[in-house]
Amino acid sequence: MDYQNILNEIHAEVQPIIGSAPPADYIPELANVDNKKFGISLTTISGEEYGVGDTEVKFSIQSISKVITLAKVFYSLGDQIWERVGVEPSGTTFNSLTQLEFEKGIPRNPFLNSGALVITDMLISIFDKPKEEILRIMRSISGNNEIIPNLKVAESEIGHSERNKALAYMMKSFGNIHNDIDHLLEVYAYQCAIEMTCKELSKAFLLFANNGFCRFSNKRELTVSQTKRLNAIMQSCGFYDEAGEFAFKVGLPGKSGVGGGIVAVLPGQFSISVWNPGLNKKGNSLVGMKALELFTTKSGISIF
Amino acid sequence: MDYQNILNEIHAEVQPIIGSAPPADYIPELANVDNKKFGISLTTISGEEYGVGDTEVKFSIQSISKVITLAKVFYSLGDQIWERVGVEPSGTTFNSLTQLEFEKGIPRNPFLNSGALVITDMLISIFDKPKEEILRIMRSISGNNEIIPNLKVAESEIGHSERNKALAYMMKSFGNIHNDIDHLLEVYAYQCAIEMTCKELSKAFLLFANNGFCRFSNKRELTVSQTKRLNAIMQSCGFYDEAGEFAFKVGLPGKSGVGGGIVAVLPGQFSISVWNPGLNKKGNSLVGMKALELFTTKSGISIF
Amino acid sequence: MDYQNILNEIHAEVQPIIGSAPPADYIPELANVDNKKFGISLTTISGEEYGVGDTEVKFSIQSISKVITLAKVFYSLGDQIWERVGVEPSGTTFNSLTQLEFEKGIPRNPFLNSGALVITDMLISIFDKPKEEILRIMRSISGNNEIIPNLKVAESEIGHSERNKALAYMMKSFGNIHNDIDHLLEVYAYQCAIEMTCKELSKAFLLFANNGFCRFSNKRELTVSQTKRLNAIMQSCGFYDEAGEFAFKVGLPGKSGVGGGIVAVLPGQFSISVWNPGLNKKGNSLVGMKALELFTTKSGISIF
Amino acid sequence: MDYQNILNEIHAEVQPIIGSAPPADYIPELANVDNKKFGISLTTISGEEYGVGDTEVKFSIQSISKVITLAKVFYSLGDQIWERVGVEPSGTTFNSLTQLEFEKGIPRNPFLNSGALVITDMLISIFDKPKEEILRIMRSISGNNEIIPNLKVAESEIGHSERNKALAYMMKSFGNIHNDIDHLLEVYAYQCAIEMTCKELSKAFLLFANNGFCRFSNKRELTVSQTKRLNAIMQSCGFYDEAGEFAFKVGLPGKSGVGGGIVAVLPGQFSISVWNPGLNKKGNSLVGMKALELFTTKSGISIF
């Protein structure tokens, strides 16, 4: 398939809607990002790379980091992690406390903020230096040792973390957070503040298209079975209360971040990332969603 | 792949749990079904058929019928149907009124009872003789003109339809039901009471594995794009509040029914159906879920 | 206390807000009522009557009828009625299904539509001719044999009763409705469509200020203890999700109706009724709420 | 009325149920209280005192303190406080986050933990030394300068305050908490840990029966109108999701605490306090509720 040509067509077709949606506004570092930027990158499991637009501009990966910490913790601890977090879509927004209260502090899935906090809490319990470990895995799977967080973003997030603290204290009241909450929030802000380019992000997610084996670290990061399961969770829960819509229109497992990035995979074939900071009302990149919908339409490719 | 051998192995391995769960008990016709019966059938798009166990015993397809009426209405009306029903997983049980109230009478998805009632309401608006049309399509896609509903089941369902009537009147209060509610409930009970064997069910669902073209009716029943979308909805919403679990463990789009049937498809390859009447706490066939999980494990096959 | 003077002052002071709020609009018979009408009447247990404005104009008592049917059923059946309906405020709107679902078909209190339907269902079970019985009690306690329902209103209500049917079927699915639902809705519409004047309404409610003994029927309609309890329920639950606000600002047990009437009692002293059809956002008479707040302020009278 | 005789009768009649319910168990200081203790005290506005049982044993007043801080803040700031907290019953338990989320961080009423935290947050904003001020007012209105908190209880509460922290951070995320949360929780734990005897408690609440004027401080603590309103809030919201039940059975404005104390007032007449540490499933003193129900039955006294 002529991926480059498809990406070029998408690039042309999304031009009219670029800039039409505002970026996240809860911290200045995200609010001030140029919402005219757009990039799309695709990496195949045989190593081919395609891309167009601002594919080498860094952006905040935010919630996309949740997939990577989940992979790390899942490979480390195995199925016992599912005692502390579920795999069901939530039907609600990413930071809802309501469901968490009804379900006794067990988050519905690891891509809700509550669930990601539980995963990061596990990561802190495993590793003495959790931040270093997060950085190490990010660099390793994307084959780029220069990857770093934007510490200003991390700091701002911490200054606006009341809702996440409410989630964390709620879960602690049910015994589902084990570490100090201020430390947890700090590590969590650190992982969300990691910056990558579209190119790096599609590389980093290639392992999910490649049965858990990473071309760049040259080692297994997940078992074959775990990879399938993690892809299934991305499919079911990767887009908050727009997960069904994404499955319906795009048909690939993926994950979005409030920085405007989206990454998706076709198991056995490729990973694809797209970035534009303007967000729709559900908190997902407006142009990114459209670009991936166009990709599916033009290529005829989906898991369905 | 040696499908027959895999099915045989599954048949052997599920024996210990057959009979351990009770069938649906809300009407005597379902409560009295023999929960020792078990069948599993697989049909490939090239026409091969595999199976083991009670693959030629009729059972009530119940909610599995929702996929077929949805396909019929979707192909007839196109995307306008999504103004009256969503595509998001619900995170709640199949007959909840709560979400329906918050969302102004628009069901989350067409596989909730509320959503299926809206789809059947559309079908009634399109066809003068909706029951005949339902029977016609069921027979046509499974290549079997003998398929009929169990009218005793239909009658019993009508006698126990208070909850569905509540859903229907609630939606009518928001303007989202257009036809007479007693008639709607009667047609709905009729479609749920259709009986098929595992063999027939896997044939009937082959069109979803075959891009919308049916080998048996020898015609297109859905466009290619609609087929992908319908598969995506099965993936996201086919198992009530166990949809994520099914995606996680099985990794195939599918649909369950309270009669104990489950059907799933691997797009481009095959459809597979399994039946045992014993239900788990979420209302899905306990043995059926296990059998499909074993199928994925043994074959290594999933969309992920 | 110079009640007449206080009522005159209130009449003068509410003039500027009369006509500022629209009447109920869900049926034409209520929507077309003149929202410039205003009346206020007070009757003491010693038989004095005070009033000003349109105190002899008939209006639809609507939900105020729920108190009278509750009194009738409570006196007939005693405390067993509390097995089928609670006495707690709901915290939600008058026709919510959500809470009803969580609480297995047991309405929070008898002044929610769901709870009132249960009470009317009991009344139907007790009396062979429930409509006649409702008319008889209404006439008896207000000392006026001319009281009748507006049958056009009743008919219109039945034509707009989808939501109430949803509530009724929901409760029936939990076994908490015993009679035919169409009949139940008809009797319920009949009781809501009763018309009274302010004068008649304050007379009818005098029994609640008089320990359950009615001056007009000249007999006991409730025991002393039941009267206190019914007043307590009016206090806790008489104004939907504005019950706390009414207690806070007015401080008398009372009940509102969507026809714009409100009635309240000071136990041991008097009953007071007020009417203006314009409704606030909570569905209570805007001017009526203000008039009673002024009454409390001017008279210094409240149960607190 | 022969209050002493009534109290004696109650004392005798509740003996069989004393000790049948367990005390609060979330901190050892409450769990280890002797649940055989029982006291009941009544103070009239003319200064008479009645009592029987353990009326001079100290216990933790816990949530009863919420009424006193509310009175202090209400008298200081006036009606502006109602912009940050409502007056409606919640229909849910005392520490629910669900409703708080739906209602954008504005607690339903000041007797929920969330609402009480907002009131204490206001108190911290007003007074430089909030703890001293709390102690001063408690001592002043009960006419006893020896009143102190149990600092072990306060410390234990802080160590078990995850749920309250979750509430506080949630409200802060909506801008409805202004002070440091650790400090807020500390002051809140301090007020809840105040210890009083039944005798002291009935004296402290006499001001609510006396139109806001306190016999012991010899000054006005609330305006007449504010007193009525505060009594109305106690009536509507004083017993969590048992407020309707208390109104129904007891018919007096009151407030309970998890330490097993309950206090109630008859406006214009008296205040009455009762204590036994055993709690019913709603978190209110089982014996205390029964004792006050007996009081109403025997005396025929209620606001209704």
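In order of appearance the chains are A, B, C and D, and numbering begins at 1 in each one.
Keep in mind that, in the parts below, a residue touches a chain if its C-beta (ideal position, glycine included) is under 8 Å from a C-beta of that chain, and two chains touch if they have at least 3 such contacts.
Everything numeric here is computed off the predicted structure, so don't read it as measured data.
Minimum number of contact steps separating chain B from chain D: 2. Ranked by distance of CA centroids from chain C, the top chain is A. Between the Cα centres of chain A and chain D there is a gap of 47 Å. Put simply, the C-alpha centre of chain A and that of chain C have 55 angstrom between them.
If you average the Cα atoms of chain C and of chain D, the two centres end up 32 Å apart.
Touching of two or more other chains is recorded for no residue of chain A. Taken together, the touching pairs link the chains into one ring where each has two partners. Chain B meets chain C in the complex at residues 96-98, 100-102, 162-163, 165-170, 172-173.
Every residue of chain B that touches chain A in the complex is listed here, in rising order: 86-92, 99, 108-109, 224-225, 227-229, 231-233, 235-237, 241-245, 247-249, 251, 253, 267, 297, 300, 302-304.
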